[in-house]
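Read from first to last, the chains carry the letters A, B and C; within each, the first residue is number 1.
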Amino acid sequence: MYVAVKGGERAIDNAHRLLAHARRGERAVPEISLEQISEQLSLGVDRVMVEGSLYDRELAALAIKQARGDLIEAIFLLRAFRATLPRFGATLPLDTGAMAVRRRISSTFKDIPGGQILGPTFDYTHRLLDPALAENSDPELPATAAPSDAPMPRVTDILGRDGLIEGSPAADDDAIVGDLTRDPLSFPADRDLRLQNLARGDEGFLLSLAYSSQRGYGRNHPFAGEIRFGEVELEFFAEDAGFAVPLGPIALTETQMVNQFKGSATEAPCFTRGYGLAFGQSERKAMAMALVDRALRARELGEEAEAPAQDEEFVMSHSDNVQATGFVEHLKLPHYVDFQSELGLLRRLRQDFEDKAADAPLKEAAE
Amino acid sequence: MTTVAELPAGFADKVTAAQSTFRAVMDAMARPGRICKVAAALPAPAPLMPAVAAIALTLFDHDTPIWLDAAVVRHREVGQWLKFHCSAPVVEEASVASFALVADPARMPALDCFALGSNDYPDRSTTLILQVASLTDGAPLELSGPGIRGTTALAATVSADLIAQLALNRELFPRGVDLVLVAGDEVVALPRSTRITAKGG
Amino acid sequence: MNAPTYNFAYLDEGTKRMIRRAILKAIAIPGYQVPFASREMPMPYGWGTGGVQVTAAILGPQDVLKVIDQGSDDTTNAISIRKFFAKTAGVATTTRTEEASVIQTRHRIPEAPLHAGQVLVYQVPIPEPLRYLEPRETETRRMHALGEYGLMHVKLYEDIAKFGHIATAYAYPVKVAGRYVMDPSPTPKFDNPKMNDCEALQLFGAGREKRIYAIPPYTQVVSLDFEDHPFTRYRQDAPCALCGAEDSYLDEIVTDDQGSRMFVCSDTDYCETRQRDGHLGSESAPNKEHGHG
């Protein structure tokens, strides 16, 4: 006698109850607060905001807590919430030149107007595990100085004055800002959509692609023209009011890569740009983005596009970790119907093969 | 000039009215020639018929440029009503319209003035919403194609010229326009996949 | 904190409008994959987000919803999606095929013939039938535009040359209304003939790949084949052990570690209906609803 398995609904409910229990962990240990996540795991929060495409530290912290620290799961949670939000319009273009800079470095000049500012960075730390952090660390307060009001022009603007680097594309106030979350993507895609795709793209995927371009798969000889991190004021033009309304500052990391010069019969040689921008302090992401952005400009700049990092359709179709994780993990779903269809076919093919093998000696004997 | 407050209202229950209107249009599109009733049809500024108003509230928004024929444009209130309830941009160029509202089919431009889509993207085409006098009192037509078991009859009041144009439209498949005929609170769809012949002709 | 609130059937009205427009285009151009701005759903891509968005866009309070995965109403994913709509739309749900007005499915078409009042919504992972032959969207789009399907015929022919059969057991490509080659989603090819001249409207949603397509009722759907190698259905050569059905698609159940196996209907509603009607199989367990075998 056989009775089909039932009770899937209860199994699901119980599994989710167990998940909540596992998430909480040992109950004798104090529960982690959203403030703790936001303040002390802040780079994780930044990454979730960038790839979740939603600037909200509190919700990102909640997502990280709910996801038990699985950042891709947290990104997914934030994206699903974002999809339900009404869209009012696009903000005015950000002026990163007016950034309240907390960190700013250039590898292309020894000194730059406004100076090199290391800021809070892992750079030059020796990666030795620090037992002092294991509990109740009480770090020294940071060194302070009076804020500088020296202008901090972008390095690419300095190069631009002499025409040594290609111009930034001129702003077109009437152009509609593309949004791949609102319109289905088609190829070839314009740079606005490519940059949006990269900004939302998985940091690890972009990092590997960027790395591959440095190792010769679509090499474009980059220099880190400038990496800056700080706060920028956000403004929204309200149709009703007729003027721009300040929405407050957001923290951003901007990377401008300066890449190998090119020229043609009609154009003097000049450096080219790769651009990266990410919420919070997300340097690895912004740098990888800038390298891949430049690689994806191959077609536009008349370069051979043969490496994976230069292949727009390949990069854009596989950069999104919410899509990728969903499809990879969907293999966990039952597939027994199609599997058995395949099993039936395989058995038949094997039978054919064996029949043929059995026939062969007879045939030989007959000949 | 009409103020916003004086414009006829939209759906009382947006969610369910839009859903039932969509299902009527979907049913019509899936079964060409079948007359489907739009239960949520509502009074709208003249000359829009009640079902047309319901369809507009269901399918139009800021992403769908709308083209209006002269008989509709004459009534400025319609444009205001569409802008207020749907936020839909009204365009003068028929070839970029997602939807076209035609109150006077006798004087409408040729079908190839509208967006026909491309072979790559045949979906980038205009859906024409035609107000007709009747869906049952016209000359008998015979329809066949996807959505129709064998053939079906339709007797909407459409001109012989339009039938001839629709035959050409069918030849363009998968490019082409799709038509929704409306009389009062009833609709019939003629998607580009439908073959139409005058009965006995 | 911004506490989330959700609309009827989860999607906001703007998203529903966008999906509804895509569905109308899909019906007007049978078998053509209409791009749509698929939203991020609260379930993973690849787990039915396309089907869920299509269902959410068509569903109304008067509907009766059935959700199946692998033919069964009781698989975990089917339960999860059914609960989602019961919660967000408050619609009535059923496991009875004939009672449902909307059926969302993954990998199967019900055995009972569908009727004119029904809509069958398929969850589709890879909507492009040419994708495994040509990974580039720009290329496959051109092939569809030209109706140039030689690549697919070459692939099927190579199968025959190599194996003596067309080696595709599921997601077997079809031609719709004589124009577009279409992926039927990973249903076993046993189900292909049910798509042809079907009374119900069939809608296909691929969320991750952002495509919607459709087969209107009474539309010709032909499985690709060759004159000397005609399309054949495949079914395990056994009656259902529970209801004795000889015409249904069967699941193979491994019953021990000695290679013993039995076969039961994959369509659980079909099987249960037959059992209620008095049909019995070799392993029937009358009057028992729950338990483990």
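In this section, a residue touches a chain if its C-beta (ideal position, glycine included) is under 8 Å from a C-beta of that chain, and two chains touch if they have at least 3 such contacts.
The shown structure was predicted, so the numbers you read here are calculated from the model rather than taken from an experiment.
> If you take the mean of the Cα atoms for each chain, which one ends up farthest from chain A?
Here the answer is chain B, farthest from chain A.
> Grab the C-alpha centre of each chain and report whichever is closest to the global C-alpha centre.
Taking the mean of all protein C-alpha atoms as reference, the closest chain is C.
> Between chain B and chain C, tell me the centre distance in angstrom, where each centre is the average of that chain's C-alpha atoms.
31
> Taking each chain's centre as the mean of its CA atoms, how far is chain A from chain B in angstrom?
43
> Among the residues of chain A, which ones contact at least 2 other chains?
In chain A, 186 touch at least two other chains.
> For chain C, jot down the residues that touch at least 2 other chains.
Each of 14, 35 in chain C touches at least two other chains.
> Which residues does chain B have that touch at least 2 chains other than itself?
121
> Can you name the residues of chain B that touch chain C in the complex?
By the definition above, chain B touches chain C via 14-16, 18-20, 22-23, 25-26, 29-31, 58-61, 63-64, 98, 118-123, 125, 127, 145-150, 173-174, 178, 191-193.
> Which stretch or stretches of chain C touch chain A in the complex?
For chain C paired with chain A, touching residues are 1-2, 4, 6, 10, 12, 14, 35-42, 44-47, 49, 69-72, 74-80, 83, 106-108, 125, 136-138, 163-165, 167, 169-171, 186-190, 208, 210, 234, 236, 241-242, 249-253, 255, 262, 264, 266, 268, 283-285, 288-293.
> With touch defined as at the start, can you tell me which chain A residues reach chain C in the complex?
It comes out as residues 1-9, 11-12, 56, 58-59, 62, 76, 79-84, 86, 181-188, 313, 317, 322-323, 325-330, 333-338, 340-345, 348-349, 352.
> Which stretch or stretches of chain C touch chain B in the complex?
Interface residues on the chain C side: 7-8, 13-14, 16-18, 20-30, 32, 34-35, 57-61, 141-142, 145-146, 177, 179-180, 201, 214-220.
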